[in-house]
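Each of the next two complexes has chain A plus one more chain, namely chain B in the first and chain C in the second.
Right, the complex of A and B next:
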């Protein structure tokens, strides 16, 4: 059985002595093992701050975060966090800003080398991760700075995957990519989720990614967790979506429009497939 | 206050600090420094946080100076360490001197916006324009550089986080590993800075920036009675010191 993540009364403030402006307020939540959890909320609601608590890049000002049986609190020494970082991988917003080596392959090696794999293992891990993210082999010895945005993103993700994390956190992994790039990165993440028994936590502004891939969703607003629920329950709750500056995914929106025009379904469709089935059933009846 | 006046007075203060050479003249300078801090309206706590680190460095320098002083009557002697009365006196003077200079420049930087400082520098250097020295371009460069300090600090902290998440360890490990960890911060930082620079350049060109056109100022600074009062006060103290010094 793998590790789940538990937040207990977590408060966090970037300026530790000023509690009037907290980035996180009284967060209590549990993210189960091998779930695909999406975190949504408007800009500045604390999503990035929340995920950085999970591997101790930011320590809670008060309260505790538990990852499996490791506890992170205000007093946890950095040495312990180092171990945690093997288990929890974070792909940051615009991860291509972290590339620095002179070749792609070397850059992917940086992570596993740091956490103490021997040279042989490092190489296998790096090559395997680059394969997983579908990165063409002929570019392994290229400088990472000569790549396209989407390719850089893949290299950066591979760099984190190569550390073999059990929990993979992605902060807006598709921001700034074109439609096809977005799709393929999302498919890649979903494949990883299925094949490697990972726990995935993904910050996103794309509601269709929530409805298409996630099985849990956390709604953040102004540093507070408004709700932890499932995508279906979220999108069935029109007010919840509206009041937290979110949008409905296109498919759900379409269903709502149909409903306004007198065509209502037995349930809210979350993706094209469900929608099609519902419409076909209606037409055949 | 007018930034030009502030910069000039800060320089002037530094000059008269070097004129002082006895207890009374230092006392007068301290008085002037305290008056200046008071009227600058800077929170004392912020002020001390600002100079804490540098005070510590000055203190260590002075202690070393005292421990190895040569002239004067020996008070204490142990091996190479020799403390003399004159040594202590000059040590304290040196400490005062540095501290006062640090205080003056801290008042300037804490009470003046970076852009205002750039403006002041531009105006003070404007006579150089006659020599075809591009003062305005220089001042623009200074203000842009100052403007990007906080941005780059943000970038550094996010890059550090990203590399830490990849297991980079800046405190342990052998030399090569550590050098690599540091490179992992500075190379991306450099690239980000380059990107900012080229974006900014594009943005400026597309908004019609040309270096040989006279630019107007958003803020206008006037010299008012406060400036004259401070100027007068500083001059008075300066004269006083000239008379009191030995």
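Right, the complex of A and C next:
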């Protein structure tokens, strides 16, 4: 019980009196701690709404969300959520929505300071976090709003990392990052999951990130959870992908075309290494 | 004369900055072209499109000319021909409903009310957001905001459309359908497009590509040629087309794909033929 995130009959509406426009409908799911879960689905399907339930930024209109031993319901007062928010860090889809201090460094310090780290630790944590996201040092004293889009994204990620959350929620963390940034942030996240045992929940439109990194995937459609499965089972199910307006990762797509043209294989390759091996074996036979 | 002409453009956000955000930029865009601007974070892409949109003050007025005119002398005339979708759509919305927001740009244009309503409806339908016409723009999901921002620009039928990572938050099918839509209206109205992006698949829609780094132009060439130059892309930290990555991986395993192969389709065909032959 204490080692997972559980949604029990969660419904959510942004207009509490209007249940015809529900953003979440009857969500029941269980995300084990220390797993890497991707959330996918069309624009407007409810992904951002779903993840914001996990630290109580949004509270279910009906039903409950349990994070370990904390319960969030409609009636949970905000002051009861403080402890939870120490544990659950969330990087928003729009970095501007979480930046507010007048310098980058102050912004990244805010989180750890707020949850009670002492001044020395705060500075160490902040500087280290800005370093791991490759944020240029010369801009530490810049206003976080006078930055490029990708630089803002990095500050927002650093701000959350500096709080050392146990559960890390990322809403399209690599949107707007350059190629090197995408790769290094994904490696960073993956390392936090593998080596530091964090629970990672990541909303993404990048199907290759799902197949490359996640061990579970939740498919959302029109406010409902259509399926919780593994990336392999998702991408082996052509109809599931098609009917939920998703796409195959490029690797899987390539493999499907091979198969359609008589190049047979038993297990679908999920990443470029697996695809390369498959082709090499076919050519060397 | 080129439709857009940028020459020796230099820009700094603050006097005391040691680095120029734009450092002696010179290039032209002809009418009917689609130019991609790519480059690492902070390389100056947004600053450059803001300069072309007349949103930042430039010391030498002649360094940005639209159809031969400068913002200093002909700002209103230029503005009526250019529309830009911002990197953050939140910075774009003005009105309190989606419908009013799209109508806002049209209101200054002396169009009669019924015609305006029709244009707003058409534009929202094109981007698939008509059913959200009464929503508040700030209450939309990320991808929905980007669609509405695009509708606002399309409705104005500008001659030049600037897109600053305008599809970054769309789902993969939505991205393709928006790009196809842009291509369609570009052809229909003979528009000129400049799109800033980190996505190679989006670069494929353009005919010219410009690479920026540290505020300088590293390269400008036909997109086809840039996309083929995996070395150039890799060296500058840019995304590489999927089939190129696969060719590289195969090469590591001593499988040499003929250099005549320049698309995913061709690679697929080659793999199929070679594996069925063995």
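FYI, the second predicted complex is superposed on the first by the 263 of 285 C-alpha atoms of A that agree within 3 Å, B and C clash if a C-alpha of one lies under 4 Å from a C-alpha of the other, contacts with A are read in each partner's own complex, and residues count from 1 in each chain.
Operating definition for what follows: a residue touches a chain if its C-beta (ideal position, glycine included) is under 8 Å from a C-beta of that chain, and two chains touch if they have at least 3 such contacts.
What you see is a predicted model, and the numbers here were worked out from it, not measured in a lab.
*Asks:* So, on chain A, is it clash or fit between chain B and chain C?
*Replies:* In the superposition, chain B runs into chain C.
*Asks:* Does chain B (first) or chain C (second) touch A:148, or do both, or does neither?
*Replies:* The second partner, chain C, only.
*Asks:* Could you tell me if A:223 is touching chain B, chain C, both of them or neither one (first, second, both, neither)?
*Replies:* neither
*Asks:* Could you look at A:110 and tell me whether it touches chain B, chain C, both or neither (first, second, both, neither)?
*Replies:* The first partner, chain B, only.
*Asks:* Scan A:14 for contacts with chain B and chain C and give back first, second, both or neither.
*Replies:* In the superposition, A:14 contacts chain C only.
*Asks:* Could you tell me if A:159 is touching chain B, chain C, both of them or neither one (first, second, both, neither)?
*Replies:* first
*Asks:* Count the residues of chain A touched by chain B and by chain C, then name the partner with the higher count.
*Replies:* Tallying touched residues of chain A, the top partner is C.
*Asks:* Is A:57 touching anything from chain B or chain C once the two structures are fitted on A? First, second, both or neither.
*Replies:* First partner only.
*Asks:* Superposing the two structures on chain A, identify the stretch of chain C from 25-33, 79-87 or 187-195 that clashes with chain B.
*Replies:* Residues of chain C that clash with chain B lie in 79-87.
*Asks:* Taking the contacts chain A makes with chain B in one complex and with chain C in the other, which residues are shared?
*Replies:* none
*Asks:* Can you tell me which positions in chain B touch chain A when the two form their complex?
*Replies:* Those in contact with chain A are residues 155, 158-159, 161-169, 177, 180-181, 183-184, 187-188, 191-192.
*Asks:* Quick check: in the complex, which residue numbers of chain C touch chain A?
*Replies:* 13, 39-42, 45-46, 87-88, 90, 139-144, 147, 165, 168-175, 198, 237-239, 242, 245-246, 249-250, 252-253, 255, 264, 268, 271-272, 274-276, 278
*Asks:* Where on chain A does chain B make contact in their complex?
*Replies:* Touching chain B: residues 52, 55, 57, 82, 85-86, 89-90, 92, 95, 97-100, 110-112, 114-115, 145, 159-160, 163 of chain A.
*Asks:* Considering only the defined contacts, which chain A positions touch chain C in the complex?
*Replies:* Against chain C, the touching part of chain A is residues 14, 41-44, 48, 93-94, 96, 136, 146-151, 154, 172, 175-182, 205, 207, 245-247, 250-251, 254, 257-258, 261-263, 272-273, 275-276, 279-280, 282-285.
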